[in-house]
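Both complexes below contain chain A, partnered by chain B and then by chain C.
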Partner chain A sequence: MRLAAMIALSLLATMAAPAPSEARRAAVGGGEASVYLGNVDLALLANALETTPLVEPRDRRISPDLAAAWPTIGEEGARSRFLAGLVSSDAGRLWTLVPHGDAKPLAGILAACLSGSDAWPARALRAAGTEVTVGTAGERVTLSFSSPVGAVLALLRGCASPDGPFLAAGDSGWTANPAAAGGRPHLDTVTVVTTPGEAALLAATSGAAGELLVAPWPDVWLLVPDEAAKDADPLDLGVAGEGLSRFSDELAADLILAVHRGGRGAATTHLLPPGVAPARSMAVALGRAPAPPLTLLPLPADAPSLRVAHQAADELAGALLERLALLLRARGWAVTGAESKGAPAAHIVRWRPSTPDTGLALLTLAADLDLPLPPDSAEGLLSATRAERTSAALTIERQWLDARLVVPLLTAERTLTVSPRLVGVRVRGDGAPVLDDAWWVSP
Partner chain B sequence: MTRLSLVGFLVLALVALRPAVAQEPGESSLTGWLDAFARQLEGVPDGPRAGLSIQWVAGRGVEERRVERVVRPHLVRRLERGAVVGPLNDDGDSAMVITVSLEGDRVWAVGVLRSGGLAGPVAVAQDWPVDRELEALLGLRPARPGQGRWSMERLGTLPLGVLDLLLQDLDGDGRDDIVLLGVDGVRTYLWSPLEERPSLDQGPLPLPRAPWPRALEGWLAWDGAAVRVATTAGHRMRWPIDGRALLPDEEDGVPLSQAYDPSRAPLLLGRLGSGVDLTVPSTPQSGPLRDVAQWPGRDDVWLWVDAAGVLGGAGSAGPPTFRERRVGDRLLLADLDANAGPELVTSEAALPGSPDRVRIEAVSPRLDVLTVLFEGSLDGAVRAMAAGDVDFDGRGDLLLVEETAGAPVLWIVRRR
Partner chain C sequence: MAVVLFSVGVATVVYLREVSARLVADQQARSATAERLVHADLLRLQQRLDREVGHVLDPRGVAATLSSRGSAAERWTWAASRLEPGRVDVLSVLGDQGEVLTSGHWPASLGARDPAIAQMSGLQGDEPTLLMQAVPSGSVPAFVRWGTGRWGSQQVTAVAGRIMDSTAIEGLRAVAGADLLAVCPPSAPCVVTVAEGVQEPSSTFDPDDAAWTRALRLGSPYPGLWLGVDRSALQTLRRRVRLRALVVALAGALLAMGIGLVLSRRIARPVEALARAADEVAAGDFHAAGRVPASDIAEVQRLVSAFAEMGGHIERSRDELVRAERVAAWQEIARGLAHELKNPLTPIQASMDVIRRARRLDRADFDEILDEQAGAVVEEVQRLKELADSFSRFARLPDPRPEALDPRALLDGVVSLYATKNVEVRRTYPEDDPGLVADRTQLHTALSNLVKNAIEAAEETDRPPTLHLTIVASDPLLIAIEDSGPGVAPELQDRLFTPYVTTKGSRGTGLGLALVHRIAVEHRGSISVGRSERLAGARFELRLPLGRQGS
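Then we have the complex of A and B:
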C-alpha cells in the first residue's frame, strides 16, 4: 500500500509557494495540502484528519469566531459539536449527556474511549481505579462511574467522532468530507509526499523554511530508575529539591537543546511541562554557587555501575545519556548498556502528555510509567474544579520527585513547518496538524 | 424630546451603575482569586497553624515587583484576617513558596507547602481568568503609546464571535452608539462618559438559527432607517432601532457601510459570490471584492480590496499610483483628524506571520500617494473596524475589534 510505504520511507507533505502571510482575511476554499511526515506517525495524521473531538476547549487553540458559533457547555466553557449539554448526579457518579444527534452512536464512541481501549481517557480512569459503564436512556447517554468523577468534560476531550473533516481516499490521501461535523473543510484534498521540498506542511523537526508552529505543550524527557537505582541515588539527588536543582544545572540541558533542537526547549525540574501545569517553585535560590567543574578520574575496577536504556532512534535521549554518563563518572559511577545484568538500572523515556489538564495528565503519567498513586488521590485528580485537580496533581508530582521515582531531564518543543501561504493550520496537543480550518491565500 | 431619546438619556444616566463591557461580575478579581487560594490553604489538613514563612516567585509573564507590591500584601491581609493559618513570619515551622504566573488567559498562584506536621509537601493551586482589573494590577499588558497626537486605547473585551461593527447614533443624543454583530446576534453599546468606555445597552437580538459555513463573516450597515445585517450563514435581516427583534430583509444584498455623505445612501449593496467574495455593481471594479469605499462628496473616486486582498482603486486622475500592497478584508474611508477629507484605514500584518497592525493614511482623491499618519500594533488580527464620533468631541474616532486568542478586544484610535 502506498501510504504504508510512505511511513516506511518517513515522508512529509507538499504544496508550496512562499509568500508573506496576510492580515486577517476570510478563507478561500479549494486546493490541496501536501504533508511530509518525517518521523511522525502516519496514524496520528490520519486520526487528526478523520476525526473530530467530542469536546473542544474554549482556549487559544480554537479560532475564537469559530468557537463562538456553537454554545458552551459545562462550567469551564467547553464546546461541543455533538453534545447539547450534560448534568451530573449522585455526587458525580452518574452523568447524563444530551447529544445533538442519536444517542447510540455517541454511546459507542464513549464506551470505546472511556473503557477497554488504549485511549488516554481510559488509561487515566484505570490509573485512578475508576470503572465506567456507558449506557443509553431514551435519547440520552449515561455514564456511570464507580467513584465520583467531576472532570468528565476534560476527559471527553480525549474522545473523538469519526465525522472528521476529511475522508480517507485510498492511496491518494484524503478528500474533504462534505458531511463533516462543523462543515466541509476549506481544502479539497490532503496528500502525503515523500520529499520535504514538495511539502506545504512538514511535520518533521527539519530546518526547512516556512512558518513554524509550536505544539501547545512540549515533550518531556525523564529518567526512570528502578528500585535499586533509586535507593543508590547515584546522581546525589537527595530529597526536597536542592539536589534536583543542582543536578539540573549540571545537566546543562540548554546546551543539549541548542545542539539538537535549535534551542527549542528548556531545562526542567518538574514532570508536568508548561502548558500542562502552571509555574511552581520549591524554593528561591539565593546566591547558590554555580556547579563546580566536573572532576573525571579513572574509575576503579569495582566502581558501581548503572544500566541505562533508551530508544536508539531518539537522538535527544542519546545526547542525554552521554551527558548522564559524564555526570555519573564524576560521581564515581560507570554507565553500562541496558543488556548488562545485575546492576541498578534506569531508562530514559520521552513522555508526551495527552491532555493539558493537570490532573488527568498526571493520571496518564502514572499509567504510562506505572507510578504509585497515594490512596484516595483519585477524587482530587478527577475533581470538577480545575484548581483542585491541579493542587492534587502538583502535590503528587512533588511527592514522586522527593521520592526520586522519576527524574525530570528536559523539555523540548514539538514543531510543524508550514508554508506561509497555508493559513489556519493548528497543532493538536499530540503534535498532529489540524487542517479543519486551513486554506490557501492567493499568491 | 422623543420617547427614544428620553430612554437613551435615562440609560446614560444609569450607565455608571452597570458593569463595563464583558467584565467579571461582582467583587474584585484580585480579591476573589486570592480568597480562593487562601481558602484552599486554610483547608489543608494539618496545615500551617503555628506560623508560616512565605517566599514569593514571579513566574511566566508576571513581573516580580507586581508580585511583591500587589499580590503579596493582599494575600497576607487575607490570611491574617482569616486567622486560620498561623502567624506569618520567618520563624514558623511551615514554609511555602508561592509562584505567580500567567498561563494562557488565566493567572495562577501555586504554593508548595512544607510543614513539620505534614507527611509530605502539599501543593495549593488557584487560577483566575485574567480580566481588565488583573491586567492592570499585574501589568500583564503594556500601555500602548500613541504616535504624535494619535492615541490607541483598549476599551475592554467583547463576547466571542464578533463579525462586524457599526457606529450609528441610535438614541438621537448626537454621539454615535456601537452596534455589534456576533454569531449569536446583534448587541448595542452606549458610550459612558464617566467610564470613558462603552457599556452594553441591549442584546443579543438573536439571529435565526442557520448552519454556519466555515467562513464566518458578517456585515452591518445603516440604510437611513434601520440597521441592515447580512452573514455568510445566509442571514439577511433588518433591525429597526426601536424594534425588539431582527426582521427578515426582503433585499438579498450584502450591505457595505460607507463614509458619511448627505448626498447619497450610507451603504452600498453587494452580492455574495463564492465564499466571501462580493460583486458590487455600482463600482468601477468588475471583479470580485472584499470591501469597497466611495469617496465622500465625489462620485469618481473609489478604493477597494479585491478578492486577492490587494488594495486598489479608481482616482480622479485615473488608476492609483500608490504602491500596491496586500491588506486585510476591510477598509474604511473616514475623516479622523477633522482636517477635511477622509483618511484611509486598513489593517495588515507587520511582518509575515506576525499579528496585524492598523494603519491610518492620508490620501488625496488622485490616489497618488499614501502618507502614514498612524500605525498601531496589535497582538491579534483586526476583525472589524468602524468610524464615527462616540465621545462627542467633534473628531472622528476609529473603533476596531481585535481577534485574539481569548475574548475579542475593542480598541479606540483617536486624534487628540
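Then we have the complex of A and C:
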C-alpha cells in the first residue's frame, strides 16, 4: 500500500511537472557560469550579455507563450521584443517603425546602430555609401535613407537594446539584470576565467569535455595582399582558370585544419562561407599535372621576400603562414613575419561575417578590408529581396577573386564547449554565447 | 725539522697520488657505465624506430591504406598518433622523389623534398644515424632510422627518429650519468650539454680540440656522439699534488737554507774570524788572536780561547826569539867587530914593533922607517875610525818615521848622486805614484848602499856598466836594482846581509847591506839578492809594504 502510494505520487509529480522550457521558469534559478573566452572576443561576449537584439530570428526553442508575445515582423519570420511592425515607402527610402514602447529610446538605439558607430549595420551602410537619418514621428520612428534600402529588417538584426539579461559588475563579471527586456535570466552571475580548467562550465575551446555548440557559419581566413604583392603574384594565382584551385590544393587546408582544429573546417575558394552564401563546390581542375616537390633548402641571400603579417594569437594564421612560406620558397620567395621590419606586403586575416545575409555580409567585408565596390552595386546589395542581394554579392565576390584582391585560404568552425549540466545556451551568428535562457540542471 | 718536514711532504704526496689513482679508477668506471647506459638507450631507440618503420612500410598496414584512400589530413592524423615525445619525434613518409607524403612532426612540409634524402640514399639506415632533420624552425640533429618499401607501385621511404636537441641530449646525459654529452652531426655544429657544476671550457666544442680532451675524457662509441667524464677534479688534484710537492721541497730548501744561515752565523763566522786572525798572526799581528769575537757555542768558544792563548804564546815566543836573535845578532856583530878591530890593530902593533926595533938598533934610516910605519899606523887608525862610524850608524838606527813619498823620485835622486856618465841607467817605473809611506832618510840610506854597490860592481867587468832600475806598484812595493857586474856567488847570497860579510875585500865595512837589511826589516819589508837575467849581474830586490801615514 505504501509502495503504491509512492509510485502514484511519483507519477503525479512527473505529470505535473511542466515542460522543460517552462520548468525553468518555475525552478529556482541561480548559479554562476564561468566562461573561458578562447576564440570569443570579450567585447563580443559583453555585447551578448548586456544587450538584447532588436530583431531576432524565429527560434523554435522559444516557448509558445513567448512566441505569442513576439509576433513575427516582416516576411522572413523575424521576431522582436521592441517592434510591432515596420513599413517602407518612397521606394525604400523611408521606413516607419512601430515600437512596442516609447519611440525615443528606440530612435536612439537605431541612430547609434545605423550610423556613427562601429556596429556592422553602420559599416555596411557606409560601405554602400548610404546615409540614414533617424527620427520620430509621434509614437513612430522613421528611418530616412539617402538611397533605397530594402534590407532594413536584416540590418535591424545587427542592432540591440542595452537592457540585456546581464549587467556589468566589475572586471570580467556580470550579474543578472532584473529589468532585462526578456525578463531576469536564470543565472545569477557570469564570470570570465583565464584557463579552461577553471571554467569547467562553459568553455569556448574544442576538445574539452561537454556539449559542442557550433556557430551558424564559420570564420574565414583570407590573404590580403597589397598592390605590389598582388601584381607580383608569387603564388601564380593569375593562371587562368586554375590558379586559385591549384593554390588551394597546394595549401592543403584540410591537413592544417586537422592539425589545429580537429578537422572542423574546410578548404575554400570563396570569400563568403557556407551559411552566409549558398554552398558552392570548389573547382577541381581535371588532368592537372602533379606539382613538383617543394624544397626545404635555404634560399640565396638575394631572393625576393614577402613580409606577411597576422595576429600573433591566431594559431591557425600561424600555421597558414608556415605553409605559405613553403609554397613561396618553392617559387623562390622568402617569407618573413613579424620579426622583420617594414610594412607588411600581405596580411592573413581572420574574418567572420556578422550577418548571414549575403549582401550585407559582403558590404561588411568591403568595409572591413576596404575593398572597392562597383558603382551602383549598393542597390542590389541592399535590395528588399534576399535573392537579389545574394546574386549581387556573389557577382562582386567573383570580381574580387578574379582581381586577386583577396585570396581565400580556409574556413574553420567557431565552436563553444558547454558543460553538460548547463542547458539553454545558444550561439549567436557572431559566435558569442547567449545565456539569457540558460540554467543549471542537477547532476 | 727539515727531515720531518720532508717526510711529511713525501707522505702527503704519496697519499694524494693514491687518491688520484682511485679517482682515475672511479672516472673510468663512470665512463664505462655511461657508455653502457647510452648504448642500451640507443638500442631501445633502434628497436622502437624499427617498429615504426615497419609499420609504415607494411603494405597491408594503415599507412599504406591511407596512402591510396586517405586524405592528407587522415594520413597526418595517423602519423601524429604514432609519435611519442622523447622517443619518436620524427615520423615521415617520403615518396620516390623524396617528397613528403605525410609528416607527423611537421605536417606543413607536405609535398616538400626532405633535404636528408640525399644522405639517406647514400647510407644504410639499419642503425640510428645522426642526421640533420628539417623542422619548422630550421634543422636539428636527430637519430633517424629509415627504410624503403613499396606501397603498391609507389616506392616510399619511411623515416623515424628522435630529435637530439639540447633538451633531449641533456636528458640522455642525465640518464647516463655522464658529465658531458655532445652530438656532432655531419656538417653542423655540435650540440653540447654538461652537468651542473662542471665547468664548461670556454672554447667551442670540437672533438679534436685538445682543450676539451684535457678537461673531459671523451669516447666515441657512436659516430657523432661523444660522452665525457669530467677530469677537472683529477687534474686539479694532480696540480695540487705537484704544487704541494713543490711547496714541500721549497719549504725544506728554505728551512735548510735558514738552518744553514743560522749555523753559519753561529759556527762558520767564528771559524772564519779565527782563520782571519790566524792569517794576521802569521803576518805578525799577534794581538789579532785576542780580537776574535766570542761565541755562544761552547766548542767554538774553547777554540777561540785556545787560539788566543796560542797567539799569546807565539807572541811571547817571538819576543823571546827576537831578543835571542838580537842577542845572537849582537853577539855576532860583536864578534865581527872584534875581528874587524883586530885587523887594523895587528899592523899597528907590528909597525910600532918595527919602530922600537929600529930605535933600539939605532938604525940610520930610523926617520924613514918612522915615516913609513907611522903612515901605516895612520891608515889603520883611519880604518878603525871608519869602522867605528859605520858601526855607530848601524847601531843607532832610529825608529822609522814614515811619510808619503814617491819612490821613483827618491831612487832617481840616489842614482844622480852616485852614477857617473859612463854608467847607463835604465828604468822600468809605473806611470802613477805607487803611494809609498816610509822613512825617507832610512830609505835613502838603503837605496844609496844598493846603488853604490851596483855601480861599483858594474864597473868591475869589461862590459859597459849598466844599471836597470825597476819599481813595481804592488803591495808590498818592489824596488829592483840590477847591475851588469860579476854577480854574487850563490854561497854568499844567504849571508850577504849578515854584518861584516862583504864582497869588496878590504874596501868594504861589511855593514852596508846589513844596514839595508835592517832598514827593510824595520819597515816590515825584505831584501833579497839573485841573478839578473837581463844584465847577467846581480839583482837586489827590496820589498816594502806601501803602508799608511801614521802606521
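We adopt the following convention: the second predicted complex is superposed on the first by the 353 of 443 C-alpha atoms of A that agree within 3 Å, B and C clash if a C-alpha of one lies under 4 Å from a C-alpha of the other, contacts with A are read in each partner's own complex, and residues count from 1 in each chain.
Simple rule for what comes next: contacts are C-beta pairs under 8 Å (C-beta built on N, C-alpha and C of every residue); 3 or more make two chains touch, one makes a residue touch a chain.
Source: prediction; values computed, not measured.
Contact with chain B, but none with chain C, is seen for A:L394 once the two complexes are overlaid on the shared chain. Residue contacts after overlaying the shared chain place A:S442 against chain B, while chain C stays out of touching range.
Of the two partner chains placed around the shared chain by superposition, chain B is the only one that A:R184 touches, whereas chain C remains out of contact. Put simply, more of the residues of chain A are touched by B, taking chain B and chain C as the two choices. Of the two partner chains, neither chain B nor chain C is touched by A:A169. Legend: residue contacts after superposition of the two complexes on their common chain; A:L255 is shown touching chain C, with no touch to chain B.
Once the two complexes are overlaid on the shared chain, A:S281 sits against chain B while remaining clear of chain C. Taken together, the two structures place no residue of chain A in contact with chain B in one case and with chain C in the other. Chain A meets chain B in the complex at residues 20-29, 58-60, 64-69, 182-186, 211, 240, 274-275, 278-284, 358, 386-388, 390-395, 397-399, 402, 420, 436-437, 441-442. Looking at the complex, you find that chain C touches chain A at residues 71-74, 76-77, 80, 95, 97-99, 107-115, 134, 136. Residue ranges of chain A in contact with chain C, taken from their complex: 250, 252, 254-259, 263, 291, 293-297, 319, 322-323, 326, 330. Residues 36, 40, 55-57, 59-60, 95, 97, 99, 101, 103-105, 108, 110, 112, 114, 120-127, 159-163, 182-184, 211-217, 274-276, 290, 307-309, 326-329, 346-349, 351-354, 356, 381-383, 403-408 of chain B are the ones touching chain A in the complex.
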